[in-house]
Amino acid sequence: MKPNTAILLIHCPDQRGIVAALAGFIASENGNILHLDQHVDTEQNVFFARVEWALDGFRIPRERLGEAVEQLAGPRRMNWQLFFSDRRPRLAIFVSKQSHCLYDLLARHEAGELDADIPMIVSNHPDLRPAAERFGIPFRVVSVTPGERAAVEEQATRLLESAGVDTVVLARYMQILSGDFVRRYPDQIINIHHSFLPAFPGAKPYHSAHARGVKIIGATAHYVTETLDEGPIIEQDVVRVSHRQTVGDLVRQGQDLEKVVLARAVRWHIEKRILVYHNKTVVF
Amino acid sequence: MKPNTAILLIHCPDQRGIVAALAGFIASENGNILHLDQHVDTEQNVFFARVEWALDGFRIPRERLGEAVEQLAGPRRMNWQLFFSDRRPRLAIFVSKQSHCLYDLLARHEAGELDADIPMIVSNHPDLRPAAERFGIPFRVVSVTPGERAAVEEQATRLLESAGVDTVVLARYMQILSGDFVRRYPDQIINIHHSFLPAFPGAKPYHSAHARGVKIIGATAHYVTETLDEGPIIEQDVVRVSHRQTVGDLVRQGQDLEKVVLARAVRWHIEKRILVYHNKTVVF
Amino acid sequence: MKPNTAILLIHCPDQRGIVAALAGFIASENGNILHLDQHVDTEQNVFFARVEWALDGFRIPRERLGEAVEQLAGPRRMNWQLFFSDRRPRLAIFVSKQSHCLYDLLARHEAGELDADIPMIVSNHPDLRPAAERFGIPFRVVSVTPGERAAVEEQATRLLESAGVDTVVLARYMQILSGDFVRRYPDQIINIHHSFLPAFPGAKPYHSAHARGVKIIGATAHYVTETLDEGPIIEQDVVRVSHRQTVGDLVRQGQDLEKVVLARAVRWHIEKRILVYHNKTVVF
Amino acid sequence: MKPNTAILLIHCPDQRGIVAALAGFIASENGNILHLDQHVDTEQNVFFARVEWALDGFRIPRERLGEAVEQLAGPRRMNWQLFFSDRRPRLAIFVSKQSHCLYDLLARHEAGELDADIPMIVSNHPDLRPAAERFGIPFRVVSVTPGERAAVEEQATRLLESAGVDTVVLARYMQILSGDFVRRYPDQIINIHHSFLPAFPGAKPYHSAHARGVKIIGATAHYVTETLDEGPIIEQDVVRVSHRQTVGDLVRQGQDLEKVVLARAVRWHIEKRILVYHNKTVVF
């Protein structure tokens, strides 16, 4: 049994005594720190930390914890986010026609590897309905008709809200989301792009990689922002290729990267290990 | 003792019977094939091959071998290049102020890892003269004064020609070569670029990589063409980084990549294992 | 549409003219070589090759092709195996309780990535029956009771034979097969071992890796021989770990390796790209 | 200019409030923490930390700092080591005949990458004297005659002590050190072994890797203990190989690994980032 924990993510101007204040606060209320990771960006002079402690025996009740953190954070100009490990994230997975990332996430979820609920799979095509049904997850088709993106996204938003979704995973979803939609889920939409960004943004990166004759291809998981393929990078991985691979070979090899890179990003997001700052991520 | 060999690099339109013709030609003259690598680009319908055979017992003398190859090649519209293993390539290494690639190449050369002569090190700065002298290699300073690139390159060209140089290795040489110079050495100038091309071309790629927050950095060895950082890629390699690395850390980690990627490219070039086609390389 | 092809795998003492004989044989009968890969082990003096050619227009009918190959092979002391691309391999997947490799293979199979039939999943536990049923593949439980391995394997063998199975994939099957069983399927049983062999053979390799404090863990796909974890290695891959990972973390990270390493090995086996010699593999 | 810092490495039974105590101690004396890394081994219930803080403005003078740390550490049963960044480590490099690791370390040292002094190179062969002389470092030959290891090591020890050496780097030194010698330098002798340990310990690992047909080879840097190739692993890295590589190719590819793996280990050791516990390393 994993213990119930609180997780605090913070960043603030670097200053003397900040770790002592943070650790002292938790210790003085009888909290047992399980993980404390900190990082100082010495160029920007910013302090980052993730601290996770057991709630068992901790003297501040969780409904008053935010207030207590704010007393600590305010004078130090800390930005903070507070999470509780027993509040499971709720994910919607968006797909189009390709199944590899979807099956990979569903199999991991069933095996208990992803500590989250998946109330819904959303697609602009009906093709993957059987895959969703095999794993007993509701499948919603939200057709994207040219010129009606606003209405379609409105429909998607209602679906997500009705299901209490807090995280959107774009598992090879081949549509571009509007700025309006993206702004509703800041740092909560994870995309997998099938190249080693910033190389080969946009469409058909495997074709571009083949044409350029690169010797290594990659995949990139990132948070979605309003600028296509330019959001904060969460994770990347690569695999070696050679002149012998056709575009089709690159696609197949790349899919293995896409699966594992997306799964890592989703897991880190679920575990509240990612802190976004200046369009970059600190992954503790 | 390695045997004396002939190496034939060819590419031509793919056609039935071409391997049989090639292997049959060598066998019929009593040649013993040591390596035969072929590749068919099924999209472009082009056949590529590298074949190396022992000259001992081969019935065609080397001075008539080109003519014999042409008889085979002509009717099949083959492009071909013929090399003999006992004709050692002659390398000039161009450097600026950073020593890591230079020392790496010189140490490998001394250890017998690079089967070539290095008659000359050329630099636009005097800083690395002691490094060159330690290994007993002539060091020439060719200062690059703004507005005088043509004259300077003229001087460099004379140096290279007088030393019988056939291959130029840019081992972190921080000057851009003119089109005139580059055209004199087609597919014979190897550069190491300190990023995973096509990501981060141009100056200060480690700064750009840090600013973008990538999770992996790379290095790329390529032949120099008239378009900066867009020549055929010979080899790339990468290393994982995290938010903890400063730009200085990336520089240091990247240098380890640069050394090994450049060394591999130089070795493959020396061994005549690289075939350039459509701004890409086939590395056998 | 992929063309129907013949694939010939051979090895024999290295000798002059062998590529010419091989390529000449195919060309003279109007075959079009699509791939020819050869390798010479200069220490053992053995020649290896894989040649694949289109059957369309080839003048020897397939029922007489073996005979024709033997005429070529006999005088040259070639060992050879001949395959036709339109004869799909038939795989049985053996599992125990862990689902990750099974789901990965089934998802790849459904996506058309594995050019084979999977008539049967065999297990010593009923746990993964639902996974098999989701993908519509018959699931057979063959309980392994201590002291009855012979009877159990007899039962498994009958199942495999009745389904025309030619390849057995041990997808984290946690039982040791008898020598009798293994000898029935020489170089046709593929196992995934969850370590970087020869490090950590046998049970609980992740625990051993953690105890030893290695900085990299791996997975190994190999053909099963009578000696446990010592068969010819087909493929390996690794991932970096640190002191921060618990055994549980290693298990989870390792599973991602196991999936991809096993899938590569299965695909190469299906594509007849693997040649076994002296307990090692040549993978063309 | 890097500031002068103190570095404290500790491990102790995990307990509530320990980070608070550590950080509070430094903050209360006006120290500015630059890095604080901690790790809890939840299986062994051991707390590990490395904390580095600027000495500028810190109120405890360095000659009394050990005493102050002991007051903190004693009641908490902490094992601790204290270092000052301005006390440069003194390295002796031991070599035999191969030059690649030696040149690599010397070039890095000259480029300012290794913040240490190298007062001496020791060898059992005279071959690398010119390499040492090129970089102006004294070279001592300590011949190892069978049956006289004790006397020889006595001589080496005197050399090391007279030069104030605190760290021994075995840069492909092909002799086995006695237990007596090893015990004099606990966790201060770094060796590079040319395999991915625990695979292929002992002599000729590249031959063994080739014979076993592995698809990946590696190198391992570790602290030397009395049991050959079984000391705590500091760093490992790997490179992919295939059936095409001869033993000679493995040696050459492996040398590139050896250089970079050894250099990383030496740098981390110099920077006091390594903590040894239960024959494993925590590398902060």
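For clarity, chains are labelled A, B, C and D in written order, and residue numbers in each chain start from 1.
Convention: a residue touches a chain if its C-beta (ideal position, glycine included) is under 8 Å from a C-beta of that chain, and two chains touch if they have at least 3 such contacts.
Nothing here was measured: the structure is a model prediction, and the numbers come from that model.
Enquirer: With chain centres defined as mean CA positions, report which chain is farthest from subunit C.
Expert: D
Enquirer: For the chain pairs A-C and A-D, which is connected through the larger number of C-beta pairs in contact?
Expert: It is A-D, judged by the count of C-beta pairs in contact.
Enquirer: Can you check how far apart subunit A and subunit C are, centre to centre, with Cα atoms defining each centre and the answer in Å?
Expert: Each chain reduced to its C-alpha mean, subunit A and subunit C end up 36 Å apart.
Enquirer: What whole-Å value do you get for the distance between subunit A and subunit B if each is reduced to the mean of its CA atoms?
Expert: 42
Enquirer: Pull out every residue in subunit A that's touching 2 or more other chains.
Expert: Each of 42 in subunit A touches at least two other chains.
Enquirer: Once bound in the complex, which stretches of subunit A touch subunit B?
Expert: 39, 41-43, 196-200, 212-216, 218, 232-238, 242-244, 246-247, 279-283
Enquirer: Okay, in this complex, where on subunit D does subunit B touch?
Expert: These residues of subunit D touch subunit B: 98-100, 103-104, 107-108, 110-111, 113, 134-135, 252, 256, 260, 263.
Enquirer: Which of the residues in subunit C come into contact with subunit B in the complex?
Expert: Residues 16-17, 19-24, 26-28, 30-38, 40, 42, 240 of subunit C touch subunit B in their complex.
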